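Here it is: the structure, laid out below.
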Amino acid sequence: MSRLTRFLAPTTVARAHCDIPCGIYDPHEAETAAKTVSKMVELINGLEGDDTAARNKFARCVKVKEEHAEKVKREVQIIWSDYFKPEHLETYPDLHDKVWKLLKLAGKNKQNVDAEAASQLEASVKEFSEIFWATKK
Amino acid sequence: MSRLTRFLAPTTVARAHCDIPCGIYDPHEAETAAKTVSKMVELINGLEGDDTAARNKFARCVKVKEEHAEKVKREVQIIWSDYFKPEHLETYPDLHDKVWKLLKLAGKNKQNVDAEAASQLEASVKEFSEIFWATKK
Amino acid sequence: MSRLTRFLAPTTVARAHCDIPCGIYDPHEAETAAKTVSKMVELINGLEGDDTAARNKFARCVKVKEEHAEKVKREVQIIWSDYFKPEHLETYPDLHDKVWKLLKLAGKNKQNVDAEAASQLEASVKEFSEIFWATKK
Amino acid sequence: MSRLTRFLAPTTVARAHCDIPCGIYDPHEAETAAKTVSKMVELINGLEGDDTAARNKFARCVKVKEEHAEKVKREVQIIWSDYFKPEHLETYPDLHDKVWKLLKLAGKNKQNVDAEAASQLEASVKEFSEIFWATKK
Amino acid sequence: MSRLTRFLAPTTVARAHCDIPCGIYDPHEAETAAKTVSKMVELINGLEGDDTAARNKFARCVKVKEEHAEKVKREVQIIWSDYFKPEHLETYPDLHDKVWKLLKLAGKNKQNVDAEAASQLEASVKEFSEIFWATKK
Amino acid sequence: MSRLTRFLAPTTVARAHCDIPCGIYDPHEAETAAKTVSKMVELINGLEGDDTAARNKFARCVKVKEEHAEKVKREVQIIWSDYFKPEHLETYPDLHDKVWKLLKLAGKNKQNVDAEAASQLEASVKEFSEIFWATKK
């Protein structure tokens, strides 16, 4: 993020994430996690050879892919169930279904090493994030 | 559970819970967790005095209430997102909304010490469980 | 579980699991975890090929096998140490040794991909569960 | 964050956080965690009365404060030890000491309910974040 | 530990703890955890006043007491189930029962703030540790 | 550790580790964790064949190596940030840099299966431990 952009960004925006509730919600972690899934798929597909070093890296990348696909699920579920209110659903009547499909897509990314599925996951989280921010305007 | 009932119960029923997917799903843990939330509310409300022993127990019960309300959320989310398929939604078109409200109710049980809310949570998990088992018939 | 059986089962049975103690004990999770270990062994042994998809699945199944063998250990240890009382040991004088061997068997299932060991683990947990329920009658 | 600002922000910036290394680093989580610590201090200090509801909230806020102060420590340590290279230290020769003091400050926030210390923690994390982003230019 | 003693101690002694098995066992963590439980009881009993600072510290000490009593249980269970072999039981036929009582004592320390129980836990872990080291001679 | 040495060792030495602060610090866990990393590298390099058993063991050893390299990082960071005071830094002015390099070395051990790097990690943790104990004299 450029310095300019970061200075433009207000730092007092409220976010919610801990069910206190504390009002500090932010889909940023879910977006980073989705990017990490993509990166892991890229690293796994770029592995060459089958020696110990390659296998060590493969095992680690699968683990990180798994954890970050899970993180996508958790972060999105938290915002969906804790932040969104009935009035938001009137504006976004298919929010439930979008979330449901997003979670399924995260599961698909656990089960496969699939650049296309990872890309779709990034896009779905981005869309979810945009809906979130639109309700904050 | 009586011994009779337990012997009647088939032990080969498949359940799913780990996103492999392994086909081993079971809402039993969510039900136990909801009961635990209720039990904690009962224990907290039954506490007498304000000495160290009472405060130690209070702190521990709040912690267990928190963890088990969270467990309800996680277990239900897993079955909802991993097990349920589009064809189930045709039969239960309000499943998404039921799950959403159930998760909110779990959050409410974290935020309060409320026997009524705990009882509603048990009922909601039971209803979710019944829908699950109905789709397995 | 059939609907009939489930309606026959009393829902007010107390179980214990959290060291509060809350009186909510239930070996059900240990049984599900043992079944999951078996399922993982079956999935691993059924894997064909050695491409990225197969290796991704292998790594994930080993992880789930590990976690659920650990879960068997934890759940059984909790019931053994928290629920069982000296009077139960009079009726089941070899309970300690059964638990010790069961935990060792869970370790063996971590260390190997062995359908026979997995089957023995399921049987051991089932036996432990039956002892538990017999003391509740 | 305003929509305008968000659209200005490039979305392809690489961040690192998992020791693969994956190149996906981002101090955003540490900043959010520090804000959460502040928010908890504010909520705790705003509590009135001493009934069960107030005590439930107190216990939960302390727990979240603890976890997020710990998260600050972990996130900052990861970026410090995994991302920063010897050449960065030439430009920021007191980085080690800043990090050390920041971690101590996070510990102080666990040990106290202190709005001033929470505010200092937010400022320290912000400064750390600015150093991080300056090295990415 | 004095510098002299530490230099006398051989550093190549094998210990086991991870079910690989890796042969790296060591009851040291259980002993430290038991000492921590004692320390928490001491800190809790030494608390004065009932202001926010005292309550923050109380909540944190209960949490640490809980976690370290749990750590005692886990560390002892691991060594008991993974390290000890049938031949050790011939020499220590009451090992199972000692472990069972030790785990119950750890549970008692969770449920209470009791210096006497904490002292007993330390002694029990020390005795378990001595049995362990005696089998290594 | 020989029985003699263990009896010579005073058992009342204070250690600190939990940010209460409780005064119970001890680099022992970090040392054990570093040894475990070495042992995993040895086990991985000693693996023969490429069947399911070997792959199961490989996956498990990589996981334990990862977790214990992470444990080294966490334990060392805790002592560094919570125990060491400004006066210690006067005596050990390069402590910050030693810790920073130690954490990087732990990361290197995650990323590789490298006996030399594992040996260096053991030596670095031993040196850190010696500094710690020297400040306790």
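By letter and in written order, the chains are A, B, C, D, E and F; residue numbering begins at 1 in each of them.
Criterion: a contact is a pair of C-beta atoms (placed from the backbone, for glycine too) under 8 Å apart; a residue touches a chain by one contact, two chains touch by 3 or more.
The structure presented is a predicted model; accordingly, all values stated were derived computationally and were not measured.
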* Between subunit A and subunit D, which partner chains are common? -> B, F
* What is the set of chains touching both subunit C and subunit E? -> B, F
* Pair joined by more contacting C-beta pairs (B-C or D-E) -> B-C
* Matching chain pair for D-F (criterion: over half of the contact pairs shared, by residue number), options A-D, B-E or C-E -> C-E
* Please identify which chain has its centre, taken as the mean of its CA atoms, farthest from the centre of subunit C. => D
* Of all other chains, the one whose Cα centre sits farthest from subunit E -> A
* **Distance from the mean Cα position of subunit F to that of subunit C, given in whole angstrom** => 33
* Structure fact -> Expressed in whole Å, how far the mean CA point of subunit B lies from that of subunit F is 40
* Counting only residues that touch at least 2 other chains, which ones in subunit C make the list? -> 20, 57, 59-60, 63, 110-111
* Structure fact -> Chains touch in the following pairs A-B, A-C, A-D, A-F, B-C, B-D, B-E, C-E, C-F, D-E, D-F, E-F
* **List of subunit B residues in touch with subunit E within their complex** => 52-53, 55-57, 59-60, 63
* Asked: Which of the residues in subunit A end up touching subunit D in this complex?
  -> 1-6, 8-10, 13, 15, 17-18, 20, 22-24, 26, 28-29, 32, 35-36, 39-40, 43, 57, 60-61, 64, 68, 126, 133-134, 137
* Which positions of subunit F touch subunit D when the two form their complex? -> 19-21, 70, 73, 77, 80-82, 96-97, 100, 103-104, 107, 110-111
* To do: Would you pull the subunit B residues touching subunit D in the complex into a rising list?
  => 44-45, 58-59, 62-63, 66, 110-113
